[in-house]
Each structure stands twice: as structure tokens, then as C-alpha cells.
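Every chain is named by a letter (A, B, C and D) in the order it is written, and numbering of its residues begins at 1.
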Amino acid sequence: MNEVVRISSAEKLNSSTWVIRFKAAFDARPGQFVMVWAPGMDEIPLSLSSVGETKAVTFKVIGDDTRKLSAMSEGDRLHVRGPYGNGFDLSSRKVLLVGGGIGIAPLMPILEAKEADAVFAARDGDEVAYCVPIAEGLGRRHWVSTDDGSLGFKGNAVQLVTEVLGENVYDEIIACGPEIMLYYLHRLCVERGIRCQMSLERYMKCAAGICGSCMVDDRRVCADGPVFTGEQISELREFGKTARDASGAKKKL
Amino acid sequence: MNEVVRISSAEKLNSSTWVIRFKAAFDARPGQFVMVWAPGMDEIPLSLSSVGETKAVTFKVIGDDTRKLSAMSEGDRLHVRGPYGNGFDLSSRKVLLVGGGIGIAPLMPILEAKEADAVFAARDGDEVAYCVPIAEGLGRRHWVSTDDGSLGFKGNAVQLVTEVLGENVYDEIIACGPEIMLYYLHRLCVERGIRCQMSLERYMKCAAGICGSCMVDDRRVCADGPVFTGEQISELREFGKTARDASGAKKKL
Amino acid sequence: MNRLATAVGSVKLKRPGIVASGILDETGPSMARMLSGGAGAVVSKSIGSVAKGGHANPNFIETGCWTMNAMGLPNPGIDAFREEMEVAVAAGKVIGSVYAASPAEFASLAGKMEDYGAAAVELNLSCPHAAGFGMEMGTDPAMVRSIVSETKDAVSIPVWAKLTPNTHILASIGRAVEDGGGDAVVAINTLKAMHIVPEFGKPFLSNRFGGLSGRAIKPVGVRAVFDLRSAVSIPIVGVGGIYGHRDALEYIMAGACAFQVGSAVSEMGPGIFESINAGLKEFMAEFGYKSIKDMEGIAHE
Amino acid sequence: MNRLATAVGSVKLKRPGIVASGILDETGPSMARMLSGGAGAVVSKSIGSVAKGGHANPNFIETGCWTMNAMGLPNPGIDAFREEMEVAVAAGKVIGSVYAASPAEFASLAGKMEDYGAAAVELNLSCPHAAGFGMEMGTDPAMVRSIVSETKDAVSIPVWAKLTPNTHILASIGRAVEDGGGDAVVAINTLKAMHIVPEFGKPFLSNRFGGLSGRAIKPVGVRAVFDLRSAVSIPIVGVGGIYGHRDALEYIMAGACAFQVGSAVSEMGPGIFESINAGLKEFMAEFGYKSIKDMEGIAHE
């Protein structure tokens, strides 16, 4: 579906993260993403951080396009293609969500939709603080880790998850974040025999499963993913190792 | 909708009339028609004489295409476009159906769908006899007229209808048949103040309301009709007088 | 304020939507109906010198995505068409479409259309399914130029040339129209196409080839108008796959000053012009455009 | 009996469906996946001499009726593509697609594809959205002829030429391929098109122009194949808007000996080849066709 939507609110969440909300006609599931464009910027993929009637994208400013997007405000228009991708399977009973950095945002609709515990990991307190009141508002158990220890546990997501798993039993871990985090988290899950789902990222053009620019091995991240199960990930040789640039050339992650 | 259907049965009803039955995926209402084609013939419009899951067309052989159609048998295939047209409004309570010649066929689905009386008019008994057992099977009151008196009332449809109206009261007359019959029947309805609906015919190409070949005045028989109400017909100056050929040129009826 | 007013050169229109040639415009009463239903003008069926029944049925088929026809230019001939024009012209602006096999024949037909009261004449240089006519001439720039200039010499009403998209030299054809003195280009006519019915192993249309129209061709039409806008400076009328006001806006923003609607009349009915007009008005109010002119060609900026 | 077996000249295929160039064929593993999923062969992404990122996003959009792209021929360059070909060729038949700006460059790229194990090379003479490449050369018969013949001289694998429908001289282009010694023509590539977003008053694609594909273009593709069948005697591979076996049959009956599937992979997924194969088998059994060859071109009869 292609839709020109109007921004109903745009909010700065911390020094580098913005949320843009808009009403859109399409239906979406947690874990799906959209391609967002306005004149003057390149179209980019962003996960939906709200999937109700009012949808949202939450993004970190890391380059030109996210910066242009962060300059938008209420009433401005966006061209939205989507939603794309498979979304998360939410059928497991006891779930631990693990979000790293901006990867926390796509997990928020799950936290809203079902009882689940969550680990929020980030570089520092500034990056992650906004999540805490949301999780508290929803009455969800949650833990925070920061690399610099400025909030919560000092250390990375995988270390914190290891702690959490010491005291809690989960049917499944659902994660989104930097691939390096996912890589070690996946290893942890395999070791412990815990099922998991992880949302991956690759360079996207069509987002519709046709151009082949987002391949990990022989899987299309846009259409076969972005969410893959632990078993699927175990078979991916490129996961955590290589990705491809816009020309399709391989590069080390 | 465009569909290639398989003939489930083909039956000769009398010396000049055939019925072809087929299953088709589309839904249809009484009074709608389809465009029927197979290689070797021109595509022609035919009203549906059954509108259930098994559809039917009932036609009189009058030229090349109807003759080719009459040579088809079970298992043969037809290309069917449609259904087109508005169909009859069946909301009136007490209805008299008036069919003239092959114009009887499109009324048969009404007879099946609701309690109604019927006048069947034709040149001779051969042309009309097949209708009688059907009406009897459905337990519907019916009268027959033939021009030569070989069956039922001797005379034309309008004369018979006048007789029937002497002894019965109807909310509406629904008619299909030669335009000359419809012309006088319409006059009768206007005089007596009886509502009516009539199904018209004009030369058809697109059947989709776009090419303009089937105009009566400024109305498209294929899309605004083929069924018109008495009031609409009263406003048509060409009704009963002129029609147009394939080039769009006017000719007297 | 009538935001919808526009003009194709000297032809002023109260509303920018025009009934495309071949669409409910073979008879006077039909054209009159379309004029009273929200169209700014109606282009007549393409008329030739003599009556023609057109290709045998089947000559039309549509899906949700496209429409295909090979009517074969049926028409009652220019002389019989006089009485249809009388009825239509009394109801509003009529553009007389003509097809012919030579420049002289085009000129003569155009002259009659002028006599009948046409507001402009549209030369059909683009029909893809009538041997010897239409796009067979419309892909030869020298021929196009001479048809246009000979017609210009013969009439005093504006001369529009309707172009085929079935070519890689559209810009040259557009320039040939302009060089010949043409007052506007109309783009696009249908794409040359074919539909085969596998169960029969045969083409569906009696003429085998037909012209593709409807939703399927809008992106080709918009591109053609965009290309023409860079190639010519005469007005452009956009046509192809317009079903709603956003489609019409694409053509206007690509460079058209007015647009025509054809295939959509089948799905949406003759009321489509009213609904496009309403959509345009609302859009223009919301985005602050005061006139069609304000939006013309802005996608080039 | 494998009713689905066919051949494009000397290239034998167990199944008649081929993955079109640009569709999930930029990497070795992806091509291997398509080969194991019911496709008879896969055409690689069009590869050039050096790496190219392609046009900036947005470069793709689709509706239920059409697909439009202006990827801008992104590719890692012929040398880096060696390792992708190794993986793909191990899994089945790969046709190496190449694009270039001169006959000599085409010949050199084709030579590398032969070295990599391609079963044939497909010359992209038809991309409508890459300045200096594709259809700009592909509408000049003399140029086409020399590209084909120079490539033929350089390789011993079959040379296929992929043609643009954006022209009225398709038959001449087809004959130029045949005269140059080409082994097959592939038709069609995308139609030059544009999509404008009214709310922004701007073309959607970063390249402004793009190529139209999908359902919308099937009738144009079928017509092109039908026309080519009368113009050339080398094999024809049909492509454009194939979503199911009845679409594929239209191409075959128009004159194609094999077909390619592109846009439909988005809506129907990579499983589309299996479902088309199943539909073809059932149709052929019902209608008594023993081979693809039995149906090839029958719509001309």
C-alpha cells in the first residue's frame, strides 16, 4: 500500500531519537516496517513502533535522511509504503524482549500487546531512559543496561540477559538491535536451548522481496524476514559476519 | 468478469430455440446479460435465463452466430464476459410478467424467484410450448397467446394482457420481447396507470457502458439498462422508432 | 472563484476534464449527457469520410487493471455526423475528432467539423488498430507535420494532435506538431496490445491487436506528458488511466493544462467527472492552489 | 514424460519458466534458491564493468496493477560477480545478463560470463532508466546488430538480446538481432513510465523516470512476442506481467518457447514457479498438449 500520511505528532525522545506519529489506513503487526519518504530525502526503512490506528516510527538520527526526518513536524506529510515484512510471532507464553539501542522501538508494540518482560540495552542512560516510564506505565518487568553504567546494569545486553536468565525462565526471547548484539544473544539462546526470534537489517531498496539487495544468504530480510527464528538464523552463514552495500558487493560487518 | 466456461448441457427447446447451461463463478441477477463468444463466431449479448450457480442462456437461431452457438454441445467451451446491465427490480408485490418470443427466456429467473403471473406470447405454439410445463411445474398462473392461434389465445401479447387486466390487478408489469410489443404494452401501462419495467435491446459492442454503440437517446442500454422503468421509457424519443447500426448510423425500427 | 477553470490555448474550459474520443460520443444525445455531467468538453468519436461499422465483435475486454479495445473506428461518416454535432454543440464545447488516410482528407474532415460548430479539431494520429490510419501515420514526423499544417490551413479553429505512445520518438512527433502549427498535443492514445485466450489458443479480439487503456497505462501517459513538456511549448492535454483526481493531478503536474477521461467511465460511470471535480477542488483548497495553471508542470521543478 | 521441457535454441530447460533479470539474482545464494524452487533457469542481474550503487531510493513502487522501478542497474561489477556466479552455476542454468555502453564492452562482459559458466548471455538492450545504456542503444537497429555480432564473435555460448517495447520499430530491432547472429530475442523489458505524488508535486522515483512492469504490461508483451514471431525465426523468450500459468500460456501461444517472471515474485513469492508449473501441467493434460513446443505460436493459426 502506498499512502501519503500527515504527521499527527513529532516528538524528540532524547538527544538522538525522534518519534513521528501518523494515522494510516493499512493494518500492521508488531515487527513490520515501512518505507518512508518525503522530497529531499532518500526513502528509508523504519520499523513501526506503534501499530494501532495511529502508527509511529521511532528513529535515531545517524545520517542525512534521519536528520531530515527529525526536522519534520505536525502537519507535514510523508509518503509511506508498506507495511512490509513478516512481523513477530507472538504465540509464546513467557517471553523476554531484548532491545538494543534504537532496536528497542520495534519491540514496544509487543510490550503493549502482551504481558512480557523486557531488557533495554543502550550505550548510555540518555539513549534508553525514555523506555522506562513506558514499561512502568504498562506494568511490565524490565531491566536496563548501559555500556557506561549511567543507568541500570553496567555492561551489554547479553551480559544482562545472562543475569536475568539466572533467575527467570522464558519460553522465548524476542530481540532487536545491533547485529553484533544479536549474534552473541543468538549464541546464548542456542547454548541454553531457548527459542528466539530476531529482527535483522540489511540494505533495502524495494522492500517488496524482489530486487535482491537485502539478502542474508538466500533469505530476503524484507520479505522472508525481517524477523527470523533462532533455527533459521543458525543456518545463515552471513549473519554477524557480512552484509552487502547498495551495489550488492559484500562487505565485512 | 471474463471467464472461459464449459457447457454442462445444451438442449434444443423447439425448432429454433436452444438453451445452453454452464457453471460460472460470477453472481448475477435476473435481467442481466452476458457477452458470449467462441472462436469462429462474433461475440453476442444474451440474457441469462438462469442465474443460480448453474447459469443458462436461451436463444433463438436468427443468424450466423446463434446458429454456431446452437451447434455446441456438452463439454464445449465458451468465453463469457459479464454479467452486465442492471437487472430487474423485483420489489413489487403483485407482478405480471409479459414475454414475447425469445423475450420469455430472461423472465424465467423471475418466475423461479417469486410468485408471479405470466403471459407468454409467440408466433405459434412451437415457439412457446416449452414454457408451459415450466410454469406449471412452478405452480404459476400463466396465459399463452399465439399469432396463429395454434396454442392458447389467438392474438398478440398486448391484446392478451388487456384481457388479463380485465380480471386481475397488478402492481407492476415486467416485460421483455420485440420492441414493437413493448411499445404498445408501454402505452397500455401508461393508459392504465400501471407501473412497468421493460428490457430493451440495442446493438452492443463493449457492453460495459463506454463505447456508445447501444444508446437509446442518451441512455446506454448495456449499463443504464437493459431494464428501464415505464417513466424512463416515456422520456425516450427513440424507443419504438429508431435504433442504430454498428456504425452508429440511425435506422428506422 | 472557479478554481477549476482552465484553457487549452484559446479554448477556454470551465472544468479541466474532457471526455476522451471514443467514449460515449458517437451520438449527439450521449455527448450532451456527458457535457451536462461535469465534463468541461467532449471529444467526439473519431469520424472519417464514410460510414464504417468497425471491427466485428469481440472488440472490447477489461480487467480490474486494464481495458483493451479494437473498435476499428466505427462511425457513421462525417456527413451523417452533422446531426449528432448539432445536438452536442447545443449542450457545450465539442472537440471534433477525425481520422483520415492523407493530409488532404484530414483537412477536409476538419473543415466539416468547424462547420458543425466544433470548438477545436483533434487529429487522431494514434489509433493502434486501424490499418492505414492512426499510429501508422503518427510515427512519421514529416507526415505528422504535413497533416497538421494542411489542416491548419483549412480551418480557423484550433487543431490538436493526438499522439501515440507506441514509439521512442515521441518528442520528435510532438515537435512536428508544433512545427506544423498545431495548437495542442493530446497524449496518450492506447498502447498496442493483444490478449490471448489460452483455452482457445487464439487472440480474443477479432482484429487480434487492440489498444490498451485504463489504469495500466497511466504511468506511461504521465511520462509521455512529462517528456512532451520538455519538448514542446504548445499546450498539452493528458489522457490515459485517469480514475480519480489524484490521477488527473499527476498529468497536470507533469505538464498538462487539461485532461481527458476514457476507460474509467466504464467502472465509475458517467458521474466520474463530478467526482473528479470535487476531489480537485478539495485538494486545491487544502494545498492552496488557486488555479489549474498554478499546478501545471510543477513536477519539473 | 516431462511435458514442461523446452529449449531456447541449444539451451535446454527442464521447465519453461526463467527468473527475469533484476529479480533476486544479484547474489549467488539467491539465484541458487530460485533454481531449486521450480525455475528452469535464472537470468542474473544485469552486470556492468564496474560496481554501481544504482539510483538512490526511492527506486521502487507497486500497486495491484503495476510495478515501477528505477534501480539504475546496481551491481557489484563483473569481477566481483565471479563468486556469485560460482554459487549459482553449481545449482543450475544461469543466463548472464550484461549491460554496456559499446559493442566491445558488451563482448568483453559476455566473455567473462562465459568463463563463469553461464549457459547463455543476455544483452540488456532495453533498460529504460539508465542514461547511456539500455534502450538508448536498443532502439538503433545498426547499433543492435553490431553489439550482437561483436558479442557473438567473442563467445561460444548462445547470445540472447533483450528488447525494449518502447518503440514502433520492434520488428526491425528483432531482425537486427537475427542479422547480427543472435540466438534468441527476449521481450519485453519495462515500459518507460513515471509516477508523480500529487501531495508533493514531485515524481516519486529519485530518477524521475522508471520502468513499468507487472500485470499492466502483459498485453503489450504478448503483442510484442506475437509481432516478433512474424518478424524473426530465432527463438523468442516472453516476459512481462506473468502471474500465473494462463499468462505464461499467452506468451507461448503468441510465439515464445520459454518465459521469464519478474514482478510477480513480489506478490506471489519465490514459490510462483512451482505454482505456474503445476498449472501448466494440468492445462496441458486437459487440452492434450504433449509439449511446450506443441503450443508455441499457435495463436497465429
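Convention: contacts are C-beta pairs under 8 Å (C-beta built on N, C-alpha and C of every residue); 3 or more make two chains touch, one makes a residue touch a chain.
This structure is a prediction, so every number in the text was calculated from the model and none was measured.
In the absence of chain D, chains linked through touching fall into A | B, C.
Taking the mean of C-alpha positions as each chain's centre, the chain lying farthest from the centre of chain B is A.
Chain B and chain D have CA centres that are 50 Å apart. Once the centre of each chain is set as its mean CA position, chain B and chain C turn out to be 36 Å apart. For the pair chain C and chain D, the distance between C-alpha centroids works out to 33 Å.
Residue positions of chain C touching 2 or more other chains, listed in rising order: 63, 199, 202. Within chain B, no positions touching two or more other chains are listed. The touch graph of these protein chains is an open line.
Screening every pair of chains for touch gives A-D, B-C, C-D. Those residues of chain D whose C-beta lies close enough to touch chain A in the complex are 22-27, 29-30, 32-33, 45, 51-54, 56-63, 67, 69, 71, 74-77, 80, 197, 199-200, 202, 204, 206, 262-263, 265-266, 269. Against chain D, in their complex, chain A makes its touches with residues 2, 4, 35, 37-39, 42-44, 77, 79, 81, 204-213, 215, 217-218, 220, 223, 244-250.
Against chain C, the residues of chain D that register as touching in their complex are 63-66, 68, 135, 139, 164, 166-169, 191-196, 198-199, 201-203, 208-210, 212, 215-217, 219-220, 222-223, 226, 246, 249-250, 253-254, 283, 287, 295, 298-299, 301.
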